[in-house]
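Here's the structure we're looking at; comments come further down.
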Amino acid sequence: MMIEALLAVTLVGALVTFVAPNRIAGKLAFGISLIPAALSLWMFTAFDGSGNALLDGELAFESQFEWIQLGDYTISWLVGLDGISLPLVVLTTVLTSLAIMSSWTPIDERESQFYGLVLFIEANLIGVFTALDFFVWFIFWEAVLIPMYLLIGVWGGPRRKYAAIKFFVYTNVASLLMFGAFITLVFGLGDVTSFALPEIATAMLEGGPDGFAGLGGSALASVVFVAMFLGFAVKVPVVPFHTWLPDAHVEAPTPASVLLAGVLLKMGTYALLRFNFTMFPEQVEAYAIPIAAIAVISVIYGAMLALAQTDLKRIVAYSSVSSMGYVILGLVAYTQFGVGGATFQMVSHGLISGLMFMAVGVIYNATHTRMVTDMSGMADRMPVAVGILVAGAFGYMGLPLMSGFFGEFAIFFGAFGSGLLAYSQLFTSLAMFGIVIVAGYLLFALQRTVFGPYHLETDYDVGRAPLHDVAPMFVLLGIIIALGVAPELIFDMITDAVDPILENGGDA
Amino acid sequence: MNVPIEYFVLLSMALFSIGLFGILTRRNALMFLMSVEIMVNAANINLIAFALYHGNLTGQVFALFVMALAAAEVAIGLGIILVLYRNFRDVDVTVPTTMRW
Amino acid sequence: MEGLFDYAPAIALFPLAAFVIALAFGPKLPKKGAIPGIVATAGSLALSLAMVAAVAGGEEGYYHTTLFTWAAGDAAGEVGEGIEFTFGILIDPLAALMLVIVSLIAFLVHVFSLEYMNAEGETGLPRYYAGLGLFTFSMLAFVYADNLLMAFMFFELVGLCSFLLIGFWFRTRSAPSAAKKAFLVTRFGDYFFLIGVVAIAATFGTLQFAGDDSFVAAAEAAIDDGGQLFGFDAETWVTITGLLVLGGVIGKSAQFPLHTWLPDAMEGPTTVSALIHAATMVAAGVYLVARMFGYYALSPTALAIIAFVGGFTALFAATMGVVKDDIKQVLAYSTISQYGYMMLGLGVGGYVAGVFHLMNHAFFKALLFLGAGAVIILMHHEQDMWKMGGLKNKAPVTYYTFLAGALALAGIIPFSGFWSKDEILYDALIVGTEQPLIMAAYAMGLLAVFFTGFYTFRMVFLTFHGEPRSDVAEDPHPVGWAVKFPLIALGVLAVVAGVANLAPVAKLTGLEIEFLNEWLSSGVEGTTYVAYTDALAAVYDTGYIGTESTTVLIAAGLSLLLAFSGAGLAWKLYNVPEPVAHKERLGSVRETIESNYYQDEYQVWLAEGLTLPLARAADRFDQTVIDGTVNGVSSVSLFGSDRVKRIQTGIVTNYAALIVTGFIALVIVLGVLGGWFL
Amino acid sequence: MAVFELPDWAALAPALILVATALALFVIDSINPHTKNRSLLAGTTAVGSLAALGVAVWFMVAGVGTPTAAGGRGVVELFGGQLVVDQMALFFMTVVSVVTALVAVASYDYMGDHAYQAEYYSLMMLAATGMATMAAANSLVTIFIALELASLPSYALVSILKDNRGSVEGGLKYFLIGALSSAIFVYGISLVYGATGHLQLEAIADNLQGAGEYGGLLGLGILMLIGGFAFKTASVPFHFWAPDAYEGAPAPVAAFLSSASKAAGFVIAFRVFTTAFPLEPTTAVIGVDWTLAFIILAIVTMTLGNFAAATQDNVKRMLAYSSIGHAGYALIGLAGLSADGGEIVMGAAMMHLLVYGFMNTGAFLFVALAEYWGVGRTFEDYNGLSNQAPVACFALGIFMFSLAGIPPLGGFWSKYFLFTGAIQAATANSAMLIVAAALVVNSAISLYYYARLVKAVWIEDPVSGRDTLAQPTGLYAAIIFAAVLTVVALPVFGPIADAALEAATVAIS
């Protein structure tokens, strides 16, 4: 029942915060958020699972009971953790706490509602990463939309309404597509009588679907695979379904951006890994080349877009698109290092992009502008914050001894030698060029904003950032370096959960 | 002498169509109401004729119900037409168009 | 003696500690963090010397250990089942030698900084010393890395540190841009390096430099059984991967065409330049080639390319050095040129020669830069040589040490530079007699000697000789012991370091005095000089002009002749009371040379003239086409909605009509399907 | 248990209680005409409907109407099968009475200063009685009577604000279209009677073959019946009254009609088409699968409703169109039927109508609250209401997101079960895939305009110079109750799903 406890604490916390007076809401929410963080860290230490959650592995903190009987089909509350989901849960809880602290400065209206929503998001994210029944998982998956819509809409920037509705509708349509596809698959699977993912995965790997409405089994599998891939592609996002992301990122308030980039984007890749890349090994093999092509395009194209931006948040937003491309590449490589590295990269990118958004936010709090052209020489006025920004930027460039490097290296290494993906060497080498472009645009941005003689278009006097703005970034930086120096901390449990996937295809 | 059932059906259908035509063309609320009545009665003809045809009374009984209900409907209708006149100083059904789209 | 090896990790960790201390407590410390740095580097130096002793003393002759496993898993490559990415230490003669060089230079630079930086009332000194500490740490760790990945990681960190230190004066416009350029250009090289690392790991399932489970051994085996690797036959694949790694080397060691960052890097403090050029960043590239020399030895193509690039760069850079007015610029191009020599040396199989020159160059280039630093102090931060002159008498120590360095650089016998450079050229010559390509490389290297001699002494004469050409030159700012001590120390080394390997003498007299040869001949099986010579025997066949000794004499003679003529020309032109510029004599070439053969221009164009517009185009495409489609869908639906709701006219008769119509439509559809109307 | 002693007719208790309440209200009115004692009247109404609700739920739990095979007390047939009380009947009686209760409580404030209190409440109860009877009606006779019993008071309720042009116009349109539809409906009845010679549903089913050469006649009759249902459920093409009537009517009445009346319309549709016209024999006679009609209607209805709603400026009208859209969703329940099952899709439709009863009523009641405040009717007028009335706006957010089918709210289950059911039905009839696709497109559109209302109250900056807003007890109570039901529906959806699915299974078999 640990997971239920985790969810309950967060949800109740959200309610309490929602009705709390604005003055104390921030501190209160932070205090509350420490509980799930502590819980999840404890779970991290007490983790005793092994294998993959969907492929009859040993789940940690599993609990299950029937919920709804839909005709012959059972919908049951089924939650549990394996080596893939646990790091993401920890990432969620920790990042939320830090995001809350980092929003003490920027959020100065309707605080209680704001922090309540943030905690509500946290709860749903935890649910997404722990739920193992399709409907339960989908509830959490969709429930994220409401708070995110409001966070962007209420506390966002000038074009917040447009960005919010775009995010809301776009991602929801994708979810519907994915839902329909998956349900079709379930009905196509003859003997399955529940929506529990493990059962479905097993059925998929043992024989696959019988067919549906005149569609043959393998044809159905392919259709569903493609439809679900498209559905998740929006959430990830990969080119060309990415356009909601920059708008959402730019308009969202800093902490929302932190969660958006840090965790929400990982929902998409996580789902891809859980569904497409676990249940459809044959389709993965069949569609490896197009997927890899999409991945490479996302990397290069996203990086090029970032190069053209002058808004710091937009730069980071597009670079997220680029980074997610790496993750897709790692997944489609279908090797231990590829998939494991991709999962690691999810966590790593969550930390680093979170750090970047926080740093940008701190600068914004002081200058009230994010335009590269509006400022220069910030390092002169806020050395510490800028120092961390620079560190984060180098982390983003995949500097060794920071988590980003291991993620990327593992992906590249895994992809390069992939036996499943044809021309993998070519794809990998192309994707790797991203590390040059990323250095390009980040260094350009740094040179123009934080270095050079001090100058600011907006008339605010910039001073050093308060401690509670900088502290979260230090924590993140610490984690990033720790994971960079000793990736084994989580890579072992990840690979342990990844291996069963690869036994059904690919060649680890 | 017994008339083939088809004739009754044709008659009722004709009546029904007349009523429908009235509804589509007449703008006076009362005429509209009457047209509806004609349509209902077309149904009644059917019911009674078929009752004869099938040799059970269900149809005839139901016809009585229908008449009663039609009367009630007219009652309500007249009431509404009354307030309509009070508000719009007219019983033309095409006049009230404050709500559209 | 082996016991000492247990302290090996500390060599790198000392500077790291210094970095942390300077960063955390720098502002509160007396010298703003200089003291911890000096202590740490001194410690590293001591330990490095201990390592040398241990390597010399131990019967094994090297030290190899794995510190901890970074990541391990199943490899999905052509060879090998599982793969382990580890952090390990490999201290063999080569590494030990390099450790000493690096820690020594770092130590001296720290000392020098005491006066060069602190005395000038700089702000942000903790940042400076933290940077130096991290820099030294990264380089030392890179030097005794026992596998290619670890090497790559610290190779990258070195790049980061150079970024931080070159951009030390971040309040200016130029420094940050130079820093960015340095990082970007080297990053571009490292892109290939990383592909190389990944490829080698994926191919051989190991990244170890030395030992039986090294990728070098694996590659050798693969070539021997002549199998296919990733669709190529083994040797080609080795060549490809080797060249990919070489990309990183070319970037870091500023070889053509990725040399453009280095001159700009002069924006950093001179001390940093000394460190970068002599011992750390630039040296890292060449050291890497030496480190994995066994791998290149398997591929003649790769070697030839290394040699040719080296030779070309040597000449190319030397010519540019001729026309520079800024003392540091001259040194910068001399650095590029000198590393070209090392590449040439290694490329032609002159393993010892290359390493030898790496060592000597470290000493005299550090000396020259620190000397230049001293001059800059004297001149109150004036760097234009035309404003100097006549410093000879006013600052004798600086002058004589600088002179020693200059002689070494110019390759004048018997200064250290001569011996190593001559050995390189000799090795190039004997190979060149058999291989025209190498001969060309040799020719270029040889020609470069002349230019080297010229620009070196042009610099010396303009700076120290003649009449003072500015007021500051009249009464220069005095320099203290912190400046003099490093200069003297390095000056001595610059003079005598050549003794380490008097190859020509040995060849002529037959004396056993090639100490470096012997030093490098021990070590891990397969990474020794001996092993390399065997391997190379298969690659290059050498030939003599006449006998060996005549060849030696010809080589030495030629290079000396050219060096002297270059120096002589400089003496004639510039060793006069009132020297004047003679550039116009270059005529049409001048423009080209002064603008560095437009190397910067085309690279900047690639970045800002090609890539940026491309990015903007992509952005426009994204905004209009892709996002346009998304918004288009929504606006279309909303327009549709606006039309749909017009059906509700508000006139009840229309409603009735529409109802009937709709109903009839339904009747018709089903009626036709159901055949009711028949 | 007590149920043993009860006679069969007691199974109708919910309907009876409702009618009794109506009579009680008449009594009160006749004792004291022009009484303004809102508490008494509204109280009586609320108590009556809650009692009906309680009894209906109790019966369901106690197993009344559950086939004895399923361990229940058996389906109760009254008056020779003219009325039947089975799970479906009870289920919809529940829906009707819960909506009635909510509306009654809300009216306490809304109709506060209205002249004819008693009439209002008694009309509402009579309409409710009619709807409850519709749930139980098992013969075209009773169906028609019940339907009129439900409709006639509704006409009056819509136009009850006699001096309000909107109300009168709405009432007029509602009445005229209603009259037309009922004429068509009764004519359809006559044709069916002609073809089969019976009006009792089972009897019709038994005598379908007799229709023989009158197949076309029967088909036409069936379509005309569909017309009648379409009017009651506000489905295309008989939906035209809905937007105007809802907009013009007092908001509580609009809530009542859009939730309860719609549900009642669906229950007779379900019953008639499952009982009287089982697919295979009917198809054999009329030569075409009648689900095709519902597939077309479902797609057109949901599309038209949602698209028309997307660009409305008037909130009430937007809700009106959205209720048309939801009618389209519920129609899937009939479209998805097939010879071999379809209980999931039909059950899902029932669940949807129940949850819709909470969320849609709640939404309309919020509009009632806004009208009570007099802040205006357009989206702009609603801007920033959350600053003055956070609780009510929070509830509104719940209703909107639930209508959009976004978890964690009750609307999620029913909508996605409909989706699921539609896809499952596609195994038998691949045309359902089109319906599913239409559902996707429409829910995307609906998301847009529901979010738009949330945006207005939560995101937009408040209209300047709006003074503090009152907190009418009744309205708030009703709204919050509806909101709580909507939220609680998510975790405790199990029983609801079971009830609906069992009812559907029984009805289909």
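As written, the chains take the letters A, B, C and D, and residue 1 is the first residue of each chain.
Here is the rule we use: a contact is a pair of C-beta atoms (placed from the backbone, for glycine too) under 8 Å apart; a residue touches a chain by one contact, two chains touch by 3 or more.
Just so we're clear, the structure is a prediction, and the values are computed from it rather than from any experiment.
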Innermost chain, taking as reference the mean of every protein Cα atom displayed: A
Between A-C and B-C, the pair joined by more C-beta contacts: A-C
Between subunit B and subunit C, centroid-to-centroid distance (C-alpha), Å: 98
Chain centre separation in whole Å, for subunit C relative to subunit A (CA means): 37
Whole-Å gap between the CA centroids of subunit B and subunit D: 26
Computed distance of Cα centres, subunit B from subunit A, in Å: 64
Multi-chain contact sites of subunit A, meaning residues that touch two or more partners: 169
Subunit C residues counted as touching two or more neighbouring chains: 634, 645, 648, 650, 652, 656
Residues within subunit B bordering two or more other chains: 23, 93, 96-100
Pairwise chain contacts, counting only pairs that touch as defined: A-C, A-D, B-C, B-D, C-D
Parts of subunit D lying in touch with subunit C, wherever the complex brings them together: 172-173, 176-177, 180-181, 184, 215-216, 219-220, 223, 226-227, 236-238, 240-241, 243-244, 286-288, 290, 292-293, 296-297, 304, 307-312, 321, 445, 448
Touching residues (chain side subunit B, partner subunit C) in the complex: 20, 23-24, 27, 93-94, 96-101
Parts of subunit A lying in touch with subunit C, wherever the complex brings them together: 166, 169-170, 239-240, 243-244, 301, 304-305, 307-309, 333, 335-338, 340, 377, 379-380, 394, 397, 399-401, 405-406, 409-410, 412-414, 416-419, 425, 428-429, 432-433, 435-436, 439-440, 443-444, 446-447, 450-454, 486-488, 491, 495, 507-508
Complex contacts: residues of subunit A adjacent to subunit D: 67-71, 135, 138-140, 142-143, 145-146, 149-150, 153-154, 160-161, 164-165, 168-169, 172-173, 176-177, 179-180, 183-184, 187, 212-214
Subunit A-touching residues of subunit C, taken from the complex the two chains share: 68-78, 149, 152-154, 156-157, 160, 167, 170-173, 175-177, 179-180, 183-184, 187-188, 191, 194-195, 198-199, 201-202, 230, 607, 611-612, 614-616, 618-619, 622, 626-627, 630, 634
